[in-house]
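Paired with subunit B in one complex and with subunit C in the other, subunit A is shared by the two complexes that follow.
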Partner chain A sequence: MKKNLTAWLCLLPAIAFLGVFMVYPLVDVLIYSFEEGYNFASQTFWGTGLYNYSYVLHDPYFIQALKNTFIIVIITVPLSTGIALLISLELSSIKALRDFFQTVYFLPYVTNTLAVGLVFMILFKKTAYSDGLVSLLIQLFGGPSVDFIDGPYWAKMFVMCFYTIWIVMPFKILILTSALASVNPMFYKAAEVDATPKWRIFYKITLPMISPMVFYLVITGFIGAFKAYSDEVALFGTDLNAAGMNTIVGYVYDMLYGNSGGYPSYASAAALILFAIVFTITTINLMVSRKTVYYQ
Partner chain B sequence: MKVVLEHVTKRFPNRNKKIKEYVIAVNDFDFEIPDGKLIGLLGPSGCGKSTALNLICGLEKPTNGRIFFGDTDVTELPPQHRGVGLVFQNYALYPHLTVRENIRFPLENFRGDKKLSKEEMEAKVQEAARLVQIQELLDRRPNEMSGGQQQRVAIARALVKRPQVLLLDEPLSNLDARLRLQTREELKRIQLETGITTVFVTHDQEEAMSICDTIVVMKDGVLQQMGEPQKIYDEPVNLFVASFLGTPQINTFTGKIRDGKIYIGDSAVLDAKGHADEDVYVSIRPEGFVVDENGPLECEFLNREVMGRDTSYVARHPLFTGENIRAIIPSEVISTGKDGKIRFSLKPSKVHVFDENTTERIIL
Partner chain C sequence: MNEETNKKLKQQAMVSEKVRKIVVYFLLILWAVLVLFPFYWMILTSVKTYGSYNSEYVPKFFTLSPTMQNYVTAFTAVPLAKYFFNTFIFTVLTTLLMMVVVILSAFAFARLDFKGKDIVFSLFLSLMMIPNELVIITNYVTITNLDLRNTFLGLILPSVTSVFYIYLLKENFEQIPEELYKAAKVDGTSDFRYLWKVMLPISRPTIVTITILKVIECWNSYVWPRLITDDQNYFLVSNGIQEIRENGFGRENVPAMMAAVVVISVPLVVLFLIFRHKIMAGVARGGTKG
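For the complex of A and B:
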């Protein structure tokens, strides 16, 4: 009994912190999402039900945010993982300059977000003085002038995805190069003796052996992309609804603190919808992984 | 397919880059492996035997010299074009594939007119599995099997594409003693059944002696002696070969030849008629001792180790080069010596004499 008490005492700080900062807010969010007409000032509401969910799902801003988030997820997660894998493969097959390239590819990870934002502005933003570097290049080849930051939707989405891929790449390369290095070279020798073509060595040996790491990157990639918000703000400013580039997390934030803020019920409902989406996708991922991922 | 090595040398740059000298792993190897035989490359660790195997395999390119398979010069060919099967020391089975998929793996690499149908592949997999007797394990994964079973799978994978030469790198070293004995018999049976020229690397002389048609003994990248196991055991060319082969080890004394007799200390142990006087090493196989009250070699008697079939006598002598002398004596002879001393006479065929400087054998 005394032993038990000591154990509980040791656990208490962690339980207290988790309870106050994790469990309580989670429960609170759940409750908020079912309270209709909640008033922030008087802390009162006039009923319970599913109205908040209905409102959010019919809100065009939320639909736009949902669409944006899904486009970002579907484009950036496979592309960033694929490109990172390609770069890692090249990195592990070269000898000369490997350290140099590893540093180059890792730089975005340690670069200040504001500096990155500035560079992207120079590349893409149309100002009174310049059309932006990329736009100038397009014009050089006879294309039209494109404003990537305040212009058409596809142009903004392109910059958004480009930025997201670029910002998540270093971490993925870091993980994948170390995963590749951990594959026993003996397997490659065995495959070489058996006249295995290069692509087959990759597909049949390398990929299965690093599959746990790839899977880890895909799952965290999905979750990270669904929670995208700050990168959007860095590129398009705080009024994401006006720019048409809002995301689900952005919508939640706006509902709480934005110009039209003060609606914790709507924000909670939107957050729980996001949770349901992420949960579903992760479950699907886990189910797929059971067949394709090999753990040593 | 016979394998011919013509003055093959392999040098590696020193791992310590400050040392300009090259490391010579294989020094001027020049021998022929006859078709359909089982050859053992034998030597202590670091003697270059694995490098020699890699050279035959094609994973390493020789610095000098040429390698032939039959009449074809394969020196420049990469391993995949040599038609060799290689079994690694720790098997290198693909852990994420089942046994069937592992064995089928080399077959799936065939391209063009060599490409096999699913049924043909399955038939070949079954045949290879039968050969190594793992038919009932085909759906398992490597980590669900014992070391011996994994070894069999590795051999099946190397054999399934019908290589011209089968190469095994320390194939038994990861197995426990009993399994090693079993597997080496198995290895011999498989080799006889397939008739594929097989080269295997080992540091265990007993392993090599028991199953090889021919043994190649190496030391520091230099070939010491090549021949049938019994012949090498009976007629070692130098002290190294004599010491490396046989357990317990051969017993070496410092001695001398004087007036046509071999002396250990003051005792003339054997005749050496017509040989000039010189200082020598006298090496006596453990089974070369005979307990004999009037024998010429007197040793300090320590104890007897009974092994059932025979008895090991442990003794000491001031001129012995090692710690303890070990003599294997038939178990019906029982003697504990007299006053802590024991006397032996020697069987002439079990005694070798080596030049003290060159350690080359002096033929009596």
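For the complex of A and C:
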């Protein structure tokens, strides 16, 4: 009896915090999303139904956010995973300077996204004083002068994806290099005896052995990219709708707070739509993995 | 004849091996440059004078007359020291509180027996799937209604529990042999004394890992602080830098901005360079990002 009491006392803080800030909000967000015309100041609403969802799905800003988010996901997830795999393979094939490279590659992980985003903005932005370093480099090779921050959509999307990849790379490289290091060297020795060509070793040994980790990165990569937000703020400022670069999460926060804020119902509906999308994609990923991933 | 072809083949193999090495190092160096360049650029720009920066249509890659003036501006024109201090307080308090909550729960799950333990633990685990974006809306309303906007309490409270870290620590606690616990019980050691004197020292690596990950998370957190603070006196560095970007130093003063960015980046980079292996091992075990 006394033991029961100690245990529950130990769990009390966690249960209290999780209850107030996780479980209750989960129920609450569902309720909000069905309350039509909810007024934040008076905390009243005039009906229940699916109006919030239909409003959000017909809001051009949301459609834009949805489009941006999907483009970011489709471009950055495969590219970053692919490049990370390439770099990790190279990294594990060398001895000299390996520790140095690993340290350097990890640096973006510990930096403040907002702060470094500002540096990227400076590098890409066109001002009255200068076209920006990147644009000048492009001009050096005979290209046009492009403003990547306030310019055409594709240019903004390019910086966006580039910065996202820059940010997520450290984690992927780290996970893949440790996965590669844990492959049993016996397999490689056996392949060497049989004089197996390099690409075959990669396809038949390395890739299957690290496939669980690659797959883990793909899943977390999808989830992370769908939740993209602070990287966008870092590059384009807080008014993402004006820049045309809003994301779904950005739309949720804009609905909640700021100049266009004060609509927790719309925010809830948008957040639940996002959750449904992420949930569906993750389920599909899991189904695909069951067929392709090799578990020892 | 045969010997000669052999020799030729060997030479060819050596040349192709060399070419491969060069390509590998070239690509590795290329990525290293891409990673390091923004850092170089922010330091470089931060020591250029306002006048010289704006007069360079084609920016120079070095400067012969570095100045510290921008750092002075960064600290005097905007309350950068205040942002810094706030972030420090926020990070320390959040991490400390979270460690207490996490350690107590992990201890209960790993060492104590009580009714419904398995059910409660599964419930905890199922909470791991819930994305922050889903609960942040209500939390914002809760904190606003509790009148905790623009307070440290409002900033800290929602992020002092982490199911994932409870899980990580519980796994670690469970690896400590049960015999130790029984022996301690026979000696009449209380549960909490045992936790403090035996379990925590043994699990130190995991605790250090969790602490470091949480510190990184706190130092870089942006979304929640932005929702909950609009008073500059409670801004964290992320919000501070956004404020500087949007309202700035009265005019577009890029070198001073970069000085602020350098100041904000330094603590974590230094922390990383000191605990590099620990941090990387920790993130490989329990970090997520991207």
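Basically, the second predicted complex is superposed on the first by the 278 of 296 C-alpha atoms of A that agree within 3 Å, B and C clash if a C-alpha of one lies under 4 Å from a C-alpha of the other, contacts with A are read in each partner's own complex, and residues count from 1 in each chain.
By our rule, a residue touches a chain if its C-beta (ideal position, glycine included) is under 8 Å from a C-beta of that chain, and two chains touch if they have at least 3 such contacts.
In this text, all values refer to a predicted model and were calculated from it rather than measured experimentally.
Overlaying the two complexes via subunit A leaves subunit B and subunit C side by side, clear of any clash.
Of the two partner chains, subunit B is the only one touched by A:294; subunit C is not. Rounded to the nearest 10, the angle at the Cα centre of subunit A between the centres of subunit B and subunit C is 80 degrees. By the touch criterion defined above, A:190 lies against subunit B but remains apart from subunit C after alignment on the C-alpha atoms of chain A. A simple residue count on subunit A separates subunit B from subunit C, and the partner touching more is C. In the superposition on chain A, A:200 contacts subunit B only, with no contact to subunit C.
Of the two partner chains, neither subunit B nor subunit C is touched by A:286. Residue contacts after overlaying the shared chain place A:208 against subunit B, while subunit C stays out of touching range. Of the two partner chains placed by superposition, only subunit C is touched by A:103; subunit B is not.
In the superposed model, A:137 lies in contact with neither subunit B nor subunit C. Our summary of the superposed model lists a minimum C-alpha distance of 8 Å between subunit B and subunit C. Contacts of subunit A with subunit B, set against its contacts with subunit C after fitting on chain A, share not one residue. Across the complex, subunit A is touched by residues 21, 24-25, 27-28, 31-32, 34-36, 38-39, 41-42, 45, 53-59, 100-102, 104-105, 107-109, 112-115, 117, 120, 124, 127, 130-131, 133-142, 157-158, 160-161, 163, 166, 191, 216, 219-220, 222-223, 226-227, 237-238, 241-242, 245-246, 252, 254, 257-258, 260-261, 264-265, 268-269, 271-273, 276, 279-280, 283-284, 287-290 of subunit C. The residues of subunit A lying in touch with subunit C in their complex are 3-4, 6-8, 10-11, 13-15, 17-18, 20-26, 28-29, 32, 80, 83, 86-87, 90-91, 93-94, 97, 101-116, 118-123, 127, 129-131, 133, 136, 164, 166-169, 171-172, 174-175, 178, 220-221, 223-225, 227, 229-230, 233, 237-238, 249, 252-253, 256-257, 264, 267-268, 271-272, 274-275, 278. Interface residues of subunit A facing subunit B in the complex, by the touch rule stated above, are 184, 186-187, 189-197, 200, 204-205, 208-209, 294, 296. Residues 57-59, 78-81, 84-86, 88, 90, 92, 94-97, 105-106, 108-109, 111, 157, 161 of subunit B are the ones touching subunit A in the complex.
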